[in-house]
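Can you keep this structure in mind? I'll have questions shortly.
Going in written order, the chains are labelled A, B and C, and every chain counts its residues from 1.
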Amino acid sequence: MEDNVVSRSGQHHLPRRNLLAAAGVLGLTAGAVTVATTTKSQPARAAAGVIKKVTVYAEALPGGLLGYGLAPGTATIPGPILEMYEGDTLEITLVNTTTQRLSIHPHGVDYSTGSDGAPLNASFNEPGETRTYVWRSHEMTATAGRRFMPGSAGYWHYHDHANGTDHGTGGLNKGLYGALVVRRRGDILPDKQFTVVFMDMMINHKVAPDTPMFEADLGQRTEWIAIGHGNLFHTFHLHAHRWADNRTGMLEGPSDPSLVIDNKDLNPGSSFGFQVLAGEAVGPGAWMYHCHVQLHSDTGMSGLFLVRNADGTMPAGAQEAIDRFRGHQHKAAATAKAQAHVHGGTGS
Amino acid sequence: MEDNVVSRSGQHHLPRRNLLAAAGVLGLTAGAVTVATTTKSQPARAAAGVIKKVTVYAEALPGGLLGYGLAPGTATIPGPILEMYEGDTLEITLVNTTTQRLSIHPHGVDYSTGSDGAPLNASFNEPGETRTYVWRSHEMTATAGRRFMPGSAGYWHYHDHANGTDHGTGGLNKGLYGALVVRRRGDILPDKQFTVVFMDMMINHKVAPDTPMFEADLGQRTEWIAIGHGNLFHTFHLHAHRWADNRTGMLEGPSDPSLVIDNKDLNPGSSFGFQVLAGEAVGPGAWMYHCHVQLHSDTGMSGLFLVRNADGTMPAGAQEAIDRFRGHQHKAAATAKAQAHVHGGTGS
Amino acid sequence: MEDNVVSRSGQHHLPRRNLLAAAGVLGLTAGAVTVATTTKSQPARAAAGVIKKVTVYAEALPGGLLGYGLAPGTATIPGPILEMYEGDTLEITLVNTTTQRLSIHPHGVDYSTGSDGAPLNASFNEPGETRTYVWRSHEMTATAGRRFMPGSAGYWHYHDHANGTDHGTGGLNKGLYGALVVRRRGDILPDKQFTVVFMDMMINHKVAPDTPMFEADLGQRTEWIAIGHGNLFHTFHLHAHRWADNRTGMLEGPSDPSLVIDNKDLNPGSSFGFQVLAGEAVGPGAWMYHCHVQLHSDTGMSGLFLVRNADGTMPAGAQEAIDRFRGHQHKAAATAKAQAHVHGGTGS
């Protein structure tokens, strides 16, 4: 049941369902109870929030790296995609199996100081320690002037905030980061999900040609969650697909003024997400995604989005493109840092 | 009266009032008259603009710094928050008490070339000179196709554009910058306002632990005005709070497609603002705001947002967090540049 | 006829027309036929798309530079503004008159792998080779939950993706880039168009005072298309004018939540556009546009927007401002790289 809401990287995909089915998608654990949101104002509509208990393991990985996983021995870089609906609560029990101080700090959701994940608030795991962090969420709430204080829905992320420095720089450098999705009830669910983290000169801690190849069949609804970390500025570009620069990546209708883009700044601490229909209006093939800072793409911040034919077969020319990608020279391919034996990103 | 619209840094706070009371908030000076906006098209609705006369003093501060203030001897870095409603005019009489050429250049509002503040248009104060700059504003105006040319409302800023170089680089480096808020009639007024300027490796010309600690009681409506300057890229992150990435930081309702964020690019010349209810959905405590570029946060671009209990008392654990913040090592704490004896930012 | 839709840099300006006249603006070539869009879902409304055939010449320019042009011997940096309406197709026949491998890769529009312009998909022109790239476009399409997958409308751009490196870094460094505008039917057409490309420390491959001076008469509707390239981060600032940070730069009405800005990040691979009425609410004069990163503006990333009087005469003080601009010291004026004898940008 737990995997329905907190999917392992690329192993479980949320089925596409409509609003009415949403509660069923969440799945209630044995101990879950319906909770009211803690916002001070009246929620715009009643939230049928659930409490979801999840155990996360912080583990050492080869090459001096660290990762988060949902079971012992399964840590990945990036970590698993965590999901909730507005109104839900995630109780994250973080098991620190390493010999280092670390934590888990979320963006976007609600937490008290004890769940901040920051040394400032004495919120972290000592080596070997197990600690529970509580992430709540809420729907938008009406305020004065016919305006609404925003709810928690968004394409967020989580990361260490205690390893190496008080801002978690060591933990980030070692791989302690992942995606956190908070949906509004009624949001369209994807067929597939991909996490893409741009950090320093790497994608998901790898450089081309070892960056993840994300795959989908023509027409599948794919959800991309893009996260920035580190010290450099980046721009995320996806070939042959485009999205609205708003909360969902889709338009609300002709009067939705949102920019439509295919390239977006992806800087440290920021994240965004969108859904595209694989190959919509362009057809199948091997499409590049890459950082559009030229030096970065030239030295390895590039990967492939393989859109297969609708029946799952390989489209003409795609294998040749993949071979070219794997064979062509990336100046940074020698960068040993990212070559460690790590599970390969969050796509499938 | 003047202080009602042009508040000294953190000393006067705009009371929360509704639309009908807005004209009263502005306060008319003796010489003020109601002016029509100068836009060429018809305004969407009649603007009851006022002319507001303000004297600003540019002064030398210890350590070779410069600041703007609303009375002699009161200059701060950043300068005072200047405010107006769409349709209003601010007549800024800038008294240059220094021995250097300088100016005041606004973003967002309307000005003729003589008030550009740029040497290009011979618009600056010689040493010791007094000069008046006129900043007008206007409401949105209907144009073809049921669209509207935007009005002036926004979270803007002002800065020197003549000191050191023709782009005011010297003045910025010395501290000549501040926030400018243009409201649309009906906008919700805050209880408290904070200006946060990210520039080079500093916040409001300081590095941690000397960065401003902004304070509010649980539930107070706080308004943050974030401004970027200098030569580096930054991302502004606030713990445990979030806002809509639009004009007000709030949603217009369920069909408002705006992204909800807690981390945003804050690069030179850009500014944005938002309102959050202190501790909404998370409770009181000491919450960090910081640049999310890891090297920047690790070396001093970090500060505290202290959310007190609703009755103004200190929440449990907050003093310990403050003590940790002040005591913990910030590599850049040795940076002498920002240690000068300057009034401490724009928060209270 | 062709020039109506594919205007040479600053030589042809689209007349301001309403929706009903839009089809006439496009102009049908002899071989053009009405095509249905290729999107899988139902378009929101019927698209009367046309196929437009355009020949583009990639040519060597003095100083080792390269440019795109619409006729032999007319290449410019940036290249010509290419335009289409949602639903239209552009068939770009690229004639490579150079001795180097190169291509043309668009952002925002629809193309199959053969028109990707990337070596990954074997999509490029060998030296001397002529090759046709097909760029399609589509309107928004309804999807689940009353949402719409975005259409192609946007202020996009095109650039080489095969010269120097597999990401076209060599081609970009030499000048192979330009603007691509896809309009939604009913969009307001401008009187004048300007392309502004921020790349490394240059604007349109030039440094001040040789950067383009864009000109318009007071009240003319000017369209700015801003594009970022290269390896550095930039922020685009325009004095005395402002726009909505959305698809058109204008507001849909009072409930449009868009930010209104006058400064925006302009990073590699990104583009945006907006329309301003020249001198609206501020009057005529010489107004600066520049990168707001201080070091960048100080060393030459600055130019002029000359707003003439409504009758086309020179406003008071403007010539003096221009003279100051041309005379004042720009540290980077010695940068030989950008001094080559290239046609001067895309404004008039």
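Basically, contacts are C-beta pairs under 8 Å (C-beta built on N, C-alpha and C of every residue); 3 or more make two chains touch, one makes a residue touch a chain.
Here the structure is a predicted model, which is why all the values come from computation and not from measurement.
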| item | value |
| --- | --- |
| Superposition rotation for subunit B onto subunit C, Cα-based, multiple of 5° | 120 |
| Copies subunit C and subunit A - interface residue numbers shared by over half, same or different | different |
| Centroid spacing, where centroids are CA-atom means, of subunit A and subunit C in whole angstrom | 33 |
| Subunit A, residues touching no fewer than two other chains | 233, 244, 248, 251-252, 256, 258, 265 |
| In the complex with subunit C, residue positions of subunit A that touch it | 16, 18-19, 186-188, 219, 233, 235, 237, 239-240, 242-244, 248-265, 276-277, 280-283, 285-288, 290, 292-295, 297-298, 302, 317-318, 320-321, 324-325, 328 |
| Of subunit A, residues touching subunit B in the complex | 37-40, 44, 107-108, 110-113, 116, 118-122, 136, 138, 140, 143-154, 156, 165-167, 169, 172, 228-231, 233, 244-248, 251-252, 256, 258, 265, 267-272 |
